[in-house]
Structures are given as C-alpha cells and as structure tokens.
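Both complexes below contain chain A, partnered by chain B and then by chain C.
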Partner chain A sequence: MRVVVRAFARFREMAGEEATLELPEGSTLADLLEEVVSSHPGLKKALSGPDGPIGGRAMVLLNRRGADPSDVLEEGDEVAILPPFSGG
Partner chain B sequence: MAIEITDREFSIEDLVAGAKRPDAGAVVAFLGTVRDDGISGVEVEAYREVAEEELARIRDEAMATFDLKSVDVVHRVGSLGVGEAIVLIVATAPHRQAAFRGCEFVLEEIKRRAPIWKKEIRSDGGERWI
Partner chain C sequence: MEDGTRYDRQIPLFGEEGQRRLARSTALVVGAGGLGSAVSVYLATAGVGRIVVVDGDVVEVSNLNRQILHWQEDLGRPKAASAADTLRGLNPEVEVEAVPLFADEDNLEELVAGSDAVVDALDNFDTRHLLNGSALAAGVPLFHGAISGLDGQATTIVPGMTPCLRCIFPRPPPKEQVPALGATCGVIGSIQATEVVKHLTGLGASLAGRLLLWDGYRGRCDEIPLERNPGCPDCGRGREL
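Then we have the complex of A and B:
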C-alpha cells in the first residue's frame, strides 16, 4: 500500500516536502516512522521519544488528526511530521 | 466571520470595519508584525488545511468562553519583510473586557496549537527556524 508523508518547516528542508512510501499491508505508524528515520537519520532525534518513535519534539498527524504509534495504516493515508509551532 | 491563511497582503481597515456591529461596543484588534531582530524578514509556512481547521476551533472556543460577538483571524504565509503584518485578530464584544481577553486567548492558542512556522532571514543571508 502507498502512504503519503508530508514534512513541514525544518523537517521539510531535511526530508523533502512530500514522499509516497510503499509499505506492507498491516504496517503501523511506528513502522512508517522507522522507514522515514532510516532514510533521513537527521530526523531521529526529533521523532523519537523515550517510549518509541513518537514522543520527541515532533508532532505526528495521521489524516490530519492526532495519532498513536500503533495505528495501522491504510492505502492513501496521509502522515504529517511537524516541528514545534512558531506561528502568530 | 473570517478565518484565513493567505499569501496576500490584507487590509486591516477593511477587516476592522467589517467586524464592527451594533451590538458590540468593543472592537479589539491585535496585529502581529515582523520585528527587527537584526533580520531582513521571515518566511512563514503553514500546514494550511490543518491550521485553518485549528483556527476555526480556537475561534469557536473563544466564542464559547468569552462574551464575544465575532472573531476574525487572518494569518500570512510566504516571505514577509520587517514591519509587515503576520497575523491580525479582531474580536468584538458588547464590552471591552471580553474583547481584550478573547483576543488574547485567540493569539495565545494560535501560538500554541496552529501548525504554522516562521524562519528568520538574517541580514547577512543566514536562516534560522524559530
């Protein structure tokens, strides 16, 4: 299945604006983030927290909503990785 | 009421004039601008779809929490020079306290919750995400 990964701000500059990843059926958000980190090691620190691949300074959204590392992905899902916000 | 993320300049006067209403004796506008911290400007980026949804949620929360009549938010994206407007919030209420507090609430929640980022462009050409 194919999942779109979007990155913003400093993460966009490190990993590119958008990529489509091919993953085995049943893959979880954690699996996808491991793929992303293996392609872009610079993101590892920001994405990884003490309890796994989510929990660092980055926020990860699945289909524009908050997500859990154990969430199972589906064809056409959109995952976004966001650095801490600085708008306003 | 308007919620907008835009790459175009906006008219503060038009937004304030459009927000005025007979049942609101107070119109509070906050304008955030690019401050000269030894920079030539900023680049503003947003996860636009999510940011617009979040701005609308913040507006709805402000309306439910304070005695407001309206909230408008316009946030720029793109390249902005020193002194240019980044964000405008206009809150109207029957009385000033609600308008001030509602406007401040909206600003603080935008800073905390809206997926928007700024990169400083220094005068020497260096860049830094903030």
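Then we have the complex of A and C:
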C-alpha cells in the first residue's frame, strides 16, 4: 500500500517536504516512522529520546487528526510530521 | 467611550456595532508570557471590554527578551499584576482583572465560564489539555497558539464544530525548555489576537479546522486541515467512557 508523508518546519530539511512510501499491508504508524527515520539520519537524531527512536519529539497526524503509533495504516493514508511547538 | 477617536482606524473594519461587541466582551488570557504579552496587548488596544490575565509566575530577567507586558521595573513582581498595569496604561477604557494563580482544574472552570473567548498562551501541553477540557465544557471558543524558536502554530477551536486540541495533539510532547524569540511570540500571539477580534466582531474566516504553521526560519506558512477524532476522550465518544 502507498502512504503519503509530509514533513513540516525544520523537519523538512531532514526528511524532505513530501514523499510517497510503499509499505507492506498491516504496517502501523510506528513502522512508517521507523521507515522514515531509517532513510533520514538527521530526523532520527532529532527525534530520538527517552521513549525510543521516535521518543515523542514529533507531533504526528494521521488523516488530519492525532494518532497512536500502533494505528494500522491503510492505502492512501496521509501522515503529517511536525516538530512539537509547546512554548508560549 | 470617553475618547471618541481612539478606535477611528479600526471601526471601518467592523463598524460601530463591532466596536460595541468588543467592548461588551470578556477575553480570558491564560498565561502572561511571550504569547500572552502579544495577545493581551492587542486585545487591550482594540478595546475588548474586559481582559482576565491568569499567571502564577513572577517576572524574571530572562523573560524580558520576549514578554513585552513586563518591564525592567517589574522584576520580581507577579506577572498578572505587571500585565494588568501595562494593559491599563495602554487603554484605560479596558477593565483588566489580574489572577495571580497557575491555571488548574479548580480555577479554570469558573474563569472559562465567564468568558467569551479563551486564549491559550500557555507554555506546556498538560495545562493546555486542561484548558481544552474547560473550554469544551463551557462551550467557549479556544484560541490556540504555541511556539518554538522561530516557528509556531495556531488554530481556533469552536466547541461542537471543530476538532478540539486533544483531537489534534492527544499526548503532550516531552517537557523541555524551548528556545523562544520575542518576535516569534509576536507573530503567533498577533495571529491569536486577530482570531479573537474576528470571532467577537463576526469578521472574516477563522482558523477553525485548520492548523496554521509559521516557519519563521524559512519565512513561510503552511496549513494542515484538521478533522475531529470520533474517539477523542475530550470531545468525542471517548468522553463517556
């Protein structure tokens, strides 16, 4: 199946603006993120934290809403990866 | 209004009736830091009748690169009191209430219920999620903003209509001190203030259902369309569980 991934703000320099990824059926959002960081070491470094390789240092939207890493992806899904903006 | 010409340059935008609507409105600004500075200054100068500023912190010198509500002479003072003085100085027609408390589950309910617009000018997602819940429960629109470095984001949450903050960001990011430039707080806080004024006067098209991303590093804007999460624990099916 094919899934479209878009990166925003500083993640663009690390992962490019938009890519279509081919993934095996049954892949989860966590699988997709692993796939993305494995081909973009800069992003991997930026995201790694205490909770593992994607240690919560990215906000990830699946089909325009918040998602869980265990969510199973489907053909045509859209994923957005953006840095966490938490300051005020 | 004692000074008939104060709002001359903005009344063409929304008429005398729009100005009266602003004057009749209460805005709750939660957080008197960088975002809260920009938002509350522009809401006060626009003539929003009552502004409630909530912050339990005191002014430190490291705040002054971005928190324009607070000046050198305010060091050590409660931010809420310092904010109220600055806002009254900018526009004596505005009633300003200083609440020198950190927003929490107990105080938010009453504060939110008495307002027409709730501004998220917080610096952490745990309290943002509490504020989201209070705004949803009271049915009051929530104007979200957040920054990091040169970048930031904003959206407008209308209870019952748009996704809520937890639909978009279900889990808080790790607690980290983020870099913050005053001008970035100015950009995002000004977008939030624009959204509040538009909402209160009925002007324009809001950021409802759209996350605006400001990429200051590259000088560009993007937006992500948003959808509700039917299982959202704050606004969806998950709420009853």
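We adopt the following convention: the second predicted complex is superposed on the first by the 74 of 88 C-alpha atoms of A that agree within 3 Å, B and C clash if a C-alpha of one lies under 4 Å from a C-alpha of the other, contacts with A are read in each partner's own complex, and residues count from 1 in each chain.
In this section, a contact is a pair of C-beta atoms (placed from the backbone, for glycine too) under 8 Å apart; a residue touches a chain by one contact, two chains touch by 3 or more.
Remember, predicted model here, so these are calculated numbers, not experimental data.
Trainee: When both complexes are superposed, which of chain B and chain C contacts more residues belonging to chain A?
Mentor: Looking at chain B versus chain C, the one contacting more residues of chain A is C.
Trainee: Once chain A of both complexes is superposed, is A:G66 in touch with chain B (first), chain C (second), both, or neither?
Mentor: After superposing on A, A:G66 lies in contact with chain C but is clear of chain B.
Trainee: For A:T20 in the superposed arrangement: first (chain B), second (chain C), both or neither?
Mentor: So A:T20 meets neither chain B nor chain C here.
Trainee: Quick one: is A:P83 in contact with chain B, with chain C, with both, or with neither? Answer first, second, both or neither.
Mentor: Touch partners of A:P83: chain B and chain C.
Trainee: State whether A:R57 touches chain B only (first), chain C only (second), both chains, or neither.
Mentor: second
Trainee: Residue overlap on chain A between the chain B contact set and the chain C contact set?
Mentor: 8-10, 12, 59, 61, 64, 80, 82-83, 85-88
Trainee: Where on chain A does chain B make contact in their complex?
Mentor: The contact residues of chain A facing chain B are 6, 8-10, 12, 59, 61, 64, 80, 82-83, 85-88.
Trainee: Which of the residues in chain A end up touching chain C in this complex?
Mentor: Going through chain A, the ones touching chain C are 8-10, 12, 49-51, 55-57, 59, 61, 63-68, 80, 82-88.
Trainee: Which residues of chain C touch chain A once you look at their complex with the stated criterion?
Mentor: Residue list for chain C touching chain A: 31, 33-36, 120-125, 145-148, 151-153, 163, 166-176, 178-180, 185, 213, 215, 217-218, 222, 224-229.
Trainee: Okay, in this complex, where on chain B does chain A touch?
Mentor: So the residues of chain B touching chain A come out as 32, 44-47, 49-51, 53, 75, 86-87, 107, 110-119, 129-130.
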